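In the two complexes that follow, subunit A is the common piece, with subunit B as its partner first and subunit C second.
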Partner chain A sequence: MLDRWKIPLLLSPALLLIVGLFLGGLFLGLIGSLGYMPQLGREELSFDAYRNILTSESFCLSFLLTFYISFTSTVIASALAIIAALILRRHFIGRSVINFLFQINLTVPHLVGAVGILYLFSQSGFFARLAYEFELIARPSDFPALIYDPLAIGIILQYVWKEVPFIGMILLANMQTFGQDYETAARSLGASRWQSFRYVLLPLLTPGLLAAALIVFAFTFGAYEIPALLGQNYPAALPVLAYQSFTDVDLNARPEALAMGMIIAALSAVMIVGYARLARRYVRT
Partner chain B sequence: MSRYPSISSSVWQGLCLLITYVALAFPFSAQAETKTEYKSWEEVMSAAKGGTVNWFMWGGADNINQYVSDYIGGELTERYGITLKRIGINDTAEAVNIVLGEKQAGIDDKGSVDLIWINGGNFRTMKQGGLLFCGYHSLLPNNKLVNWQNPSIANDFGLAVDECEVPWNRAQFAFAYDSARTENPPKSIAELIDWVKDNPGEFTYPAATDFNGSVFIRHVFYHAAGGPDALLGDFDSKKFDAIAPKAWAILNEMKPYLWREGETYPNAIANLAQLFANREVALYFDYDPAIFGINVENGIFPETTRSYGLKDGTIGNTNYVAIPYNSPNKAAAMVAANVILSADAQREKAKADVWGAAPAIDINRLPEEEKQRFTDLPRHPAVVDPATLSKKALPELHPDWISAIEKGWQENVAK
Partner chain C sequence: MTMVEIRIRAEISRDGLSGPTWFALVLLISWLILPLIPLAVWSISRSWFFPDITPSAYSLRAWRYVFSSTSEVLPALGVTTLIALCATLLSAIIGLPAGRALGLYQFRGKSAVELLILAPTIVPGIAVALGLHVVFLNLGLAGSFLGVLIVHLIPTLPYMVLVMAGVFANYNPEIEAQARSLGADPFQTFYYVTLPAILPGLLIGSLFTFLVSWSQYILTLLIGGGRVVTLPLLLFNFASAGRNDITGAISMIYILPGVVLLLLGARHLTGRNTAAESLRQI
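After this line comes the complex of A and B, so read on.
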């Protein structure tokens, strides 16, 4: 009897915290986004905040920008990670050193990486100075705008730099579990190297790759700090836009900020569910 | 592995915002603020002995922290037997939220905050929420050094102080430039407009979401309105609609000549400092001119940096310290407020190598000898003389005006 209750009891402090704070906060956010603010004399619920932001131009632009950043970063990072994993699974001299170097930026915080990108790629950064030294440019503004730019190149660079090793490590672990037998079999039956990659290895890798890519996509979609540091000011990424509305001194802007938070949370939840399903399928096969 | 927490980090971030939201959404009932029960300064001092003051203040500058902990803390311990605990925070709203939460929880006499460095919107929130201890100015001996006739001291961003806070520093907006690079920097908003056209790419300002960017935009607004007089007082949408289009027209006219052709604006004043330091832009500005000297000393700005105010004047404000209504150490907090107002503490703070902050007291009210010691203080060559600057000080606007201007900028200029 006691044993049956032991585990739930032991877990209860953590559960209380998660359920109380997390779901409680989510619930308060939800009613707040519906405009429930009795302190300001507003007790009726409405979808005004959602209607307002979904029809506003800046929200749509921010959504497109955020989607573009996440999508581009994920695709580029996945492609580079596949190439890196294919190289790293071979045996060569210095492999362990290269492997270590490949993983090292997993430990670097995103913020630090962003500052690094800023120092390297801004119009007065390291590369701009180098270009000036070699007389390729005459003044900072001659250097192409890679930071605070409409194409969000700086943000994508930062995400790719940070996520390639993450996806790469997952793929490498996958490849090591499969071994090379399937590919060897395919090659002995006359498949070219490309064919054995395209029709044998890639399908095997797909579930792991998709799962890793989804995590990266969900993370980059909801992350605030990188677009806040490296992004242009308008349109801003969704989390930045939500934070701007939230810190607006006008309390009436809160429902819109919370509604944006809810939309980001809902999209992230959809992606996490998708990830869970993929992961389950992957474990089964 | 470390990925799982990071997916939810944005959710957690959202959660923190929600908690703040709940705290902020607390009813803003206008209640009468607490009045003091002390009759004389002697009573206050004896009640203060052995007390502790928890001072919540923005903790982002080492020199300021050191001045408060060492100098003010030292004075309080040695002379009054009071312990000062400085609690560094990132945003004053954090301290306001603590007091708000305590009021909600019914903690009316054992609050954890005794003193807050505050002004503007946060002061308004606290005053409207009945969260302040008021009506004690006549008790403080050093209150006589403050010129309460000056409207920019008696009003905190357009809201009457009403003995609910004690002035600590004055800040006034100023421009900085590199004298080795720019010979004739523009001395008025009108000159700036022409200067920007003659020097394309050399000027920009932070977006309205940044405090300093917002102040710059207000200067343009004042210029469009022909001075601040028409804009003072409560928000008036008719006046706003009459003036705003002129201000947006000026800013949009400048836009193609700004850094990056105005396609984007720096998100924070620190980015503008970086652009100035890297010589991407030729002008910098800040609400606190002491920062010019600090940046030169730190090797960020060139030695030849100089600063100035505008011919038509620049916007100034006062920042204050306030005592929450539920502070358990009000007497000790009042003693601390009196110490920071003292001529000695204000002079120490004005030293360029300590902080370089402009005094909140009127030095003309000091004895001649004491006044001389203020005027003799060496000033960093990069920092404009505060006395010259303050001769042409423009008042700040009511927070409702400020937020209307910020929103309008986003709609009409940023897009």
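After this line comes the complex of A and C, so read on.
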């Protein structure tokens, strides 16, 4: 009798809080996005907010921009993380120091990284000054716009900076679990170094790499402060646009802001399903 | 092990790196450290105009401002720390039992529970906080310390649960039964048997949970409505206002707990999947 109730009792405080705050917040966002605003006397539900944003140019441009930022950052960070992990798993002098330096920005908040990128890459930043020193440019405005720019290069640089160690640490941990037996076997059967990486190590790493990439994609798709600091005003990244609509004096914009929040949530839900599937497959192998 | 195998193994994890590999590694590490350097230099510069590579004059003006009684920085530091401490404590109290259930037992629906606990770490906070805002407004929690603290639990609690689940997966509950049979009451059993066994994991989990709360921006901005001013909000304002010296000084204070944590926990952190994964929140 006692045992039957033990597990639900242990779980209930945490689950109540997560269901109440997290699922509750998502549910309220959903009904709000459908136009349910009892404080304004509106209780009928409609898809107007979704219809409005899906036909508005600013939303569509924002969505495409955000998707492009997330996709590009995730791909570049994953590629660099694979290279970093391949180097860092080897034994060399100073490995522990290098390892520490590699991890250092895992704990540095995103916002600090964004400000650092701003001071490095803005048109009066460190690299612009270096370019001036080497007489590549004559005035700040000659330096290519990498911040507040249409290609969102500053934002992508920030995400890559922050996520390479994150993905890299996960890959390193995976490599440690596999050991090197498979690669050794492949090599002794005549595979080249490239072949043993491409056909043995990479397939082994893929589930972990994809799981990490999904997490990074979902995060970069919903992050506010980095594009708010480094991005251009129009089109703004989706979370920035959602915040702007939410704080708009016109309360009619609220359902639209909530609808954008729902679209961000839906995209991350797809990522979670993918992550759960990968995690399960990963455990089985 | 054959000779061929030995040679190949040595080649895969070769001692030392080739010249180009070293170059690539140094380039990568420099890139990871580089954005922090202008922040540190700005914090001690007096004037640093284009096109000077280094500041033309140094001063501690920004630091004096940060620690002066008139600046908003010290109160913000206090609020940020207090919210993070409370969020960590609450997460530990609520999350420890759940971590125990997930770490020790197999039960029906376990994977669904795990997924539900994992979800808040992946779904961006803005989607949840936009929905919660109205309710918090009606309850008088919007713009209050308590409101911000509660909303911080959304990202911090799942992390604590997941870390504690990992800790309890390597924990043997038999010793509790032995303590009980020797006459210890449940409280004594927890305090003298369970707690010492899980303490290292609990401490690491708490440090990371602290950092997750410490790093929140959009949740604080939305629910705090600008009335609960934490360090990142202040940092953002000074950065957008172009006060680079003060921004630099606040940044240095703001990264401090993370660096300390890394120094303390570097060994525990290395190669730990869960630890690295949760750090994405920061």
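Odds and ends about this structure:
Assume the second predicted complex is superposed on the first by the 278 of 285 C-alpha atoms of A that agree within 3 Å, B and C clash if a C-alpha of one lies under 4 Å from a C-alpha of the other, contacts with A are read in each partner's own complex, and residues count from 1 in each chain.
Simple rule for what comes next: contacts are C-beta pairs under 8 Å (C-beta built on N, C-alpha and C of every residue); 3 or more make two chains touch, one makes a residue touch a chain.
Owing to the predicted nature of the structure, the values given are computational and were not obtained by experimental measurement.
Shared-chain residue A:Q232: touches subunit B; no touch with subunit C. Of the two partner chains placed by the overlay, only subunit C lies in contact with A:R90; subunit B stays clear of it. Using the contact criterion defined above for the overlaid structures, shared-chain residue A:N105 touches subunit C, although it does not reach subunit B. In the superposition on chain A, A:V200 makes contact with neither subunit B nor subunit C.
In the superposition on chain A, A:I272 makes contact with both subunit B and subunit C. In the superposition on chain A, A:G32 makes contact with both subunit B and subunit C. After overlaying the two complexes on the shared chain, residue contacts for A:E133 are found with subunit C alone; subunit B is out of touch.
Legend: residue contacts after superposition of the two complexes on their common chain; A:S141 is shown touching subunit B, with no touch to subunit C. Taking subunit A as the reference, the larger set of touched residues comes from C, when subunit B and subunit C are compared. Shared-chain residue A:Q244: touches subunit B; no touch with subunit C. Looking at subunit A, you'll find residues 21-22, 25-26, 28-29, 32, 39, 106, 124, 140, 166, 215, 218-219, 222-224, 228-229, 239, 243, 246, 257-258, 261, 264-265, 268, 272 touch subunit B in one structure and subunit C in the other. Across the interface of their complex, subunit C is touched by residues 6-7, 9-11, 13-15, 17-19, 21-30, 32, 39, 80, 83-84, 87-93, 98-113, 115-120, 124-126, 128-130, 132-133, 140, 161, 163-166, 169-170, 172-174, 176, 180, 183-184, 187-188, 193, 212, 214-216, 218-219, 221-225, 228-229, 239, 242-243, 246, 257-258, 261-262, 264-265, 268-269, 271-272, 275-276, 280 of subunit A.
Of all residues in subunit C, only 2, 4-5, 8-9, 11-17, 21, 24-25, 28-29, 31-39, 42, 50-53, 94-95, 97-98, 100-102, 105, 107, 111, 113, 115-120, 122-135, 138, 150-151, 153-154, 157-158, 161, 211, 214-215, 217-218, 221-222, 232, 235-236, 239-240, 244, 247, 251, 254-255, 257-259, 261-262, 266, 269-273, 276-277, 279-280, 282 touch subunit A in the complex they form. On the side of subunit A, the complex with subunit B involves touching residues 21-22, 25-26, 28-29, 32, 37, 39-40, 57-58, 106, 122-124, 139-141, 145, 148-150, 166, 215, 218-219, 222-224, 228-229, 231-234, 239, 243-244, 246-251, 254, 257-258, 261, 264-265, 268, 272.
Contacts from subunit B toward subunit A in the complex involve residues 2-3, 6-7, 9-11, 13-15, 17-19, 21-22, 24-28, 121, 201, 207, 209, 259-260, 263-267, 274-275, 278-280, 399, 402-403, 410, 414-415.
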